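Here come two complexes built around chain A, the first alongside chain B, the second alongside chain C.
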Partner chain A sequence: MISIFRRPASSPPPRRLTLDILRYNPAEPERAPTLQAFTIDEAEGMTLFIALNEIRAHQDPSLQFDFVCRAGICGSCAMLVDGRPALACRTLTRDLNSHITLAPLPFFELIGDLSVNTGQWMRGTAERLQTWIHAVDRVSIDEIEAPMAPELAEAIYELDRCIECGCCIAACGTAQMRPDFVGAVGLNKIARFRLDPRDQRSDEDFYELIGDDSGVFGCMSLLGCHDVCPKQLSLQTQIAFLRRKMARLGFD
Partner chain B sequence: MQIIHSDVLIIGGGLAGLRAGLAARKRGQEVIILSLVPPKRSHSAAAQGGMQASLANSTRGSGDNEDVHFEDTVRGSDWGNDQIVARMFAHTAPKAVRELAAWGVPWNRVQAGDHTAIIDGQPVTISESTTAHGLITARDFGGTKKWRTCYVSDGTGHAMLYAVSDQSIAAGIPVHERMEAVSLIHDGSRCHGAIVRNLMTGELVAYVARATCIATGGFGRIYQSTTNAVINEGIGAAIALETGIVPLANMEAVQFHPTAIFPAGILVTEGCRGDGGLLRDVDGHRFMPDYEPEKKELASRDVVSRRMEAHIQSGKGVRNRFGEHLWLDITLLGEQHINGKLREVKEICQHFLGIDPSRQWIPVRPAQHYSMGGIRTTPDGAVYGLQGLFSCGEAACWDLHGFNRLGGNSVAETVVSGMIVGEAIADFCASPAGELTVSTALIRDCGRQAAEEFSAIARCSGPENASQLLRDMQQTMSQQVGIVRHGDALQSAVDTLKSLILRSRQIGLRCSRPGANPELLLAWRVRKMLKLALCVADGALQRTESRGAHFRSDHPQRNDADWLKRTLAYWPDAEQTRPTLRYEALDVLRMELPPGWRGYGARDAIDHPDTSRRQAEVDALRQQLASADRNTRQAALLAFRHHLPAHLRGDNARLGEAP
Partner chain C sequence: MSHSIDYTAPQPLRPSLPPDAAALPTAHPPSSVRPSRWPARLDLLQSLSGLLLALFLIAHMAFVSTILISPQAFYTVARFFEGAWLLGRPYPVLVSLVAASIMALLMLHAWLAMRKFPAGFRQYRAFIAHKNRLQHGDTSLWWLQVWTGFLLFFLASIHLYDMLSQPELIGPYASADRVWSGGLWPLYLLLLFSVELHGGIGLYRLAVKWGLFGGKTRARLHLARHAFSAFFITLGLVTLLAYIDLGREHAPRAGERYQPPSTSASHHH
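Then we have the complex of A and B:
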């Protein structure tokens, strides 16, 4: 019934994979960054999570990388897989050539090898864009909650699904030139809170946060973010919509 | 060594730690949170299906209240939990959901009118009232009498974690990321903070605080097959154990989730079965009704997992090259439902199995999922043995779950216990006992000891390999301390683990790289994980009964007469190779719901001598107060509200319930 378990009578020998991994340890600045090649035998259902752990367990215990959930939901393991930002944990080696190149996400502070400091950047962005509900009214938690249209709740969740993996920033042309650009992750969050009636901020408030070139007007519409988002968020639509709203406000 | 001061140090940046930190911060305490990873990447994000709270908004939840939630939780625990805690929890859970709603969690809402649900394999039309339209809805989960599990599609934990994390950012609480607490600073009676290792640089820092709270989650990674994230290694519990004074309770109570995808062990939510999904065997036969005619696929997790393993043992498993599994069939729910309410499940199936679950069955087999046991605390979250130390969430044995946790009760516990324990922490800081009186010499000594521990590992050139020891431990635990246990296998597991502990003192490193050194870290951690594994295995070996998730094929009955007690595991001497076990009795005479049959699973328990007496008392009280309102009746049976912070004591409003 399930195709991956339907195997031909005599299986061919496993592929031998070569992983070229960009190595650099900031604690050893005297050693220049290098691409180091590791070879392993592919196994059925092998993900880059499995492959990298196998390399660390058997070949090089010093190799640094970040995995947490290993299920594609936490956003820890974004890296450049053959030059393209992706979540390593859910990338199956069978979808790649036998020669694979892995590099850390660009833009973010490098911790070592494939590990980058997305957390610090995301926290800074959250502080800067104030990505929380701004409510003036106090809510009593003993009382029945305020109703919300079911479809609105679902629409908010659609935008709330961002996992802050950093892929959109790594794929962003503007972020390459403007280190202060909030990127698709930041703009999507503004779209999310703007949609949420529990957040009592006005469009003027949001304009203060993103109404300049480090915000929504910095986007050059290359939309690499949209192409690589592992959660397939509607980043193109959100950014375009926000820009129209904010531009109108700028003219008023 | 650098010393950082704060009023409150929270170790762990998941939902429990964040929520406790927020509570303390709102009371004016200065809070620092330590986290292994950026907090939004915590394992809380993996809670998919939902959070139990008796809002009773939807038609199938109608009639629900704290009493029903309490009873479901106690039955689920197989009477192993603390009923006071279960009461505090059931009472606070609706408040927690409503607070989260105000913080922006996009809970799925009731849609007025008719909709079709799949119940027991059949489409059923359910009609929702217009008065409930737009209120928070709920889905069905195992072991519950009502549809009580509030949800956000199947990304509930993610939505909750982001909302609470953003609240902690709004409150200006600093989170020190990629920091791992490696030992507690204590003088044998009072905890003063922790020695902490920077995972990026390897540097040790002392964090000194008036109150310290461990909220580091579970320890599933001592098992080979687990749904847990790779960071769930239980180090928070281990450093508490290593004080020699703090006990870990009920470590043998380990939950196996029925539906982990096979063989990767990644969770697919109980919501699949709650929404109508079925379990099938090699013949495509739906087998759960054969075993559990009442609750079928929706008996509690311990029961379903055990039935699945038994069914595989009876020759009905599906064989593939990795071993045997069963099928989870959600095709009957339809593509639209799956795309809307089970989309993470769909993504997981696509990416890891290459299948479309709206057309194909999902290969599943039970895997380790949750640690009911942990750092033993009082109902306030104060840790046994050390003043100034608190714990909450999965890391703690607050004892909400006893020997089996209901689905949807753990993500609920994280925020509820955070709300309660955070207040207790603030109370402690405001009390005379909360004054900081630590000597710099003690901090220095603790720091020196921790540094010495790491350098001894780095210096050792022994023959052992840390990843090999880790694998051996994980294999032993999965094979011999799993779903079905037996005295012989448990004895063999204890022997194996003891020898692994000895070998773990002879680990030689291959890499001496400065800064973050993953090999050094693993060598250090595996020694701690082995101690936890021994607490689990030895606790399981000694407990000669079956209760909840702890099932002994050589002692298949629940034995209230001898085992209605909590295991407390201590590790007083660093050189010992197995824990010192003590026991803490549960008092039947104070139970609101005396032990009985759970409503599913076996019904052959050996009674406690006090059970019939307490049951008679409870029956008499209920009769006497038959005309009183349910809250008065409940208070006469088991008063609990005084344990809650004043602002959490109020009644919960519900549709159709008189205020």
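Then we have the complex of A and C:
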């Protein structure tokens, strides 16, 4: 039968969700980290971001977590959802069990509860890897810019979709062991600027930035980054590509 | 209701390079401060030594498993590597040379791969906590690779030294006696599982690390990895059983060498 003529099934009662949230405030070190359980009724299309706001509004105003855009663009609400890094605003509760454990991203400085300071680490990495256009030629603002092939612009844009949420670093086994590792976010940025014709750095220059064990050769290809990236960036391909390019320099 | 969760304490922030150090226009640095090329070479060498060992592993299993065809088939293969067909008479030292090269390759690979092992308690604990928290296939596989690799330092060395020091004792009866009467079958059993798992995971990781088959082939590579390990562990087990069988049968005459039927009359000593 055509399904539109069927009587809509009476909607089942909403699930009761239990969220175990790791509570810890570094400003109060005398209080040990604990998991606090909150229960709420699941709503249609509920994301973890909505659930957390509901808890903060109605149950515990002291709960700390970050968000800005609610649409997977700002990268603020990354956290461990049942142990796996993910964006709270892009995680639907219907894809999870009714019992959910939330913890802050490891590796980064903890601000409190689910809130971490990814920004400071990201900035340090950007400075260390010099992730901006390096041009020697002077740009004349009176002339028309050199055109860029649409395919190239697309390819650069694809890598520029990174939102620096920190999920790849939190999912990286190498970074957990060796905190000086630049991680997928850093390598992806190098790949992005390497692609950009306005950046006049050579592979020689990039080798100086990532040609050692805290750079591309430190990557052990565990691919946690690739598998958790909320923007589905093809990090495996980018890192393998950089590895081939940088390894080549070992023999010239 | 309380649930345990592995929580790693926040890391202290690292100092980063001052931005002004980087803002200079990018001319090539003078060659005296050129960054070392060794990280690149060592990385490639680690992969290459692993690949060569894996290829040797495949060939080795093909030769050893000829015992499943017949003792005569294995005898022919063993004598082939002593070079009598080329040099007029058998030189077991050729086998020693191969064993020594593989030993050297193994040491090189172990030295290079060891750099990736967790160093010290902090790294060790950090990785275990991460692995248990993430529940991610490729991350857990690496742990298996670390431990099988660690076991291979010892298991493979014992076997290689055996081949290096007694190259003439390779043959249907000599090998079967070593396995059974010599009591080495537990070593071979452990070695078989370690090396086939380690080799299978290693080949898979080579492919994803260097992007050998493009970016979207991971599921198929995993399938190939399973097939590799399953095939060679099965073949290895059947082969080991054949040697155990032959060794038990031959135990009363342990030490006596195999004589090929055609030449047994003329070459008897």
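Everything that follows uses one rule, which is that the second predicted complex is superposed on the first by the 243 of 252 C-alpha atoms of A that agree within 3 Å, B and C clash if a C-alpha of one lies under 4 Å from a C-alpha of the other, contacts with A are read in each partner's own complex, and residues count from 1 in each chain.
The rule we apply is simple: contacts are C-beta pairs under 8 Å (C-beta built on N, C-alpha and C of every residue); 3 or more make two chains touch, one makes a residue touch a chain.
Fair warning: this is a prediction, and the values are worked out from it, not measured in the lab.
By the touch criterion defined above, A:156 reaches chain B but does not reach chain C. Contacts of A:26 after superposition: both chain B and chain C are touched.
Contacts of A:203 after superposition on the shared chain: neither chain B nor chain C is touched.
Look at A:63: by the touch rule set out above, it reaches chain B but stays clear of chain C. Contacts of A:120 after superposition: both chain B and chain C are touched.
Legend: residue contacts after superposition of the two complexes on their common chain; A:106 is shown touching chain C, with no touch to chain B. Counting contacts as defined above, chain A residues 26, 120, 123, 127, 130 meet chain B in one complex and chain C in the other.
Residues 1-5, 7, 25-28, 44-45, 47, 56-58, 60-64, 66-76, 90, 92, 111-112, 115, 117-120, 122-123, 126-127, 130-133, 135, 139, 141-150, 153-154, 156-157, 160-161, 163-164, 193, 196, 198-199 of chain A are the ones that touch chain B when the two sit in their complex. Considering their complex, residues 18, 20, 22, 24, 26, 33, 35, 37, 80, 83-84, 101, 103, 106-110, 116, 120-121, 123-125, 127-128, 130, 134, 136, 171, 173, 176-180, 200-202, 204-205, 207-208, 211-213, 215, 217, 219-224, 227, 234, 236-237, 240-241, 243-244, 246-251 of chain A touch chain C.
Of all the residues in chain B, the ones that touch chain A in their complex are 37-43, 45-46, 55, 95-99, 101-104, 106-111, 133-137, 152-153, 155, 158-159, 162-163, 166-167, 169-170, 175, 177-178, 200-202, 229-231, 263-264, 266-267, 320-321, 340, 344, 347-348, 351-355, 360-361, 363, 467, 509-511, 513-519, 522, 650-655. The touching residues of chain C, counted against chain A in their complex, run 1-3, 5-8, 10-19, 22, 25-29, 35-44, 115-116, 118, 123, 126-127, 129-131, 133-136, 138-139, 142, 205, 208-211, 214-215, 218.
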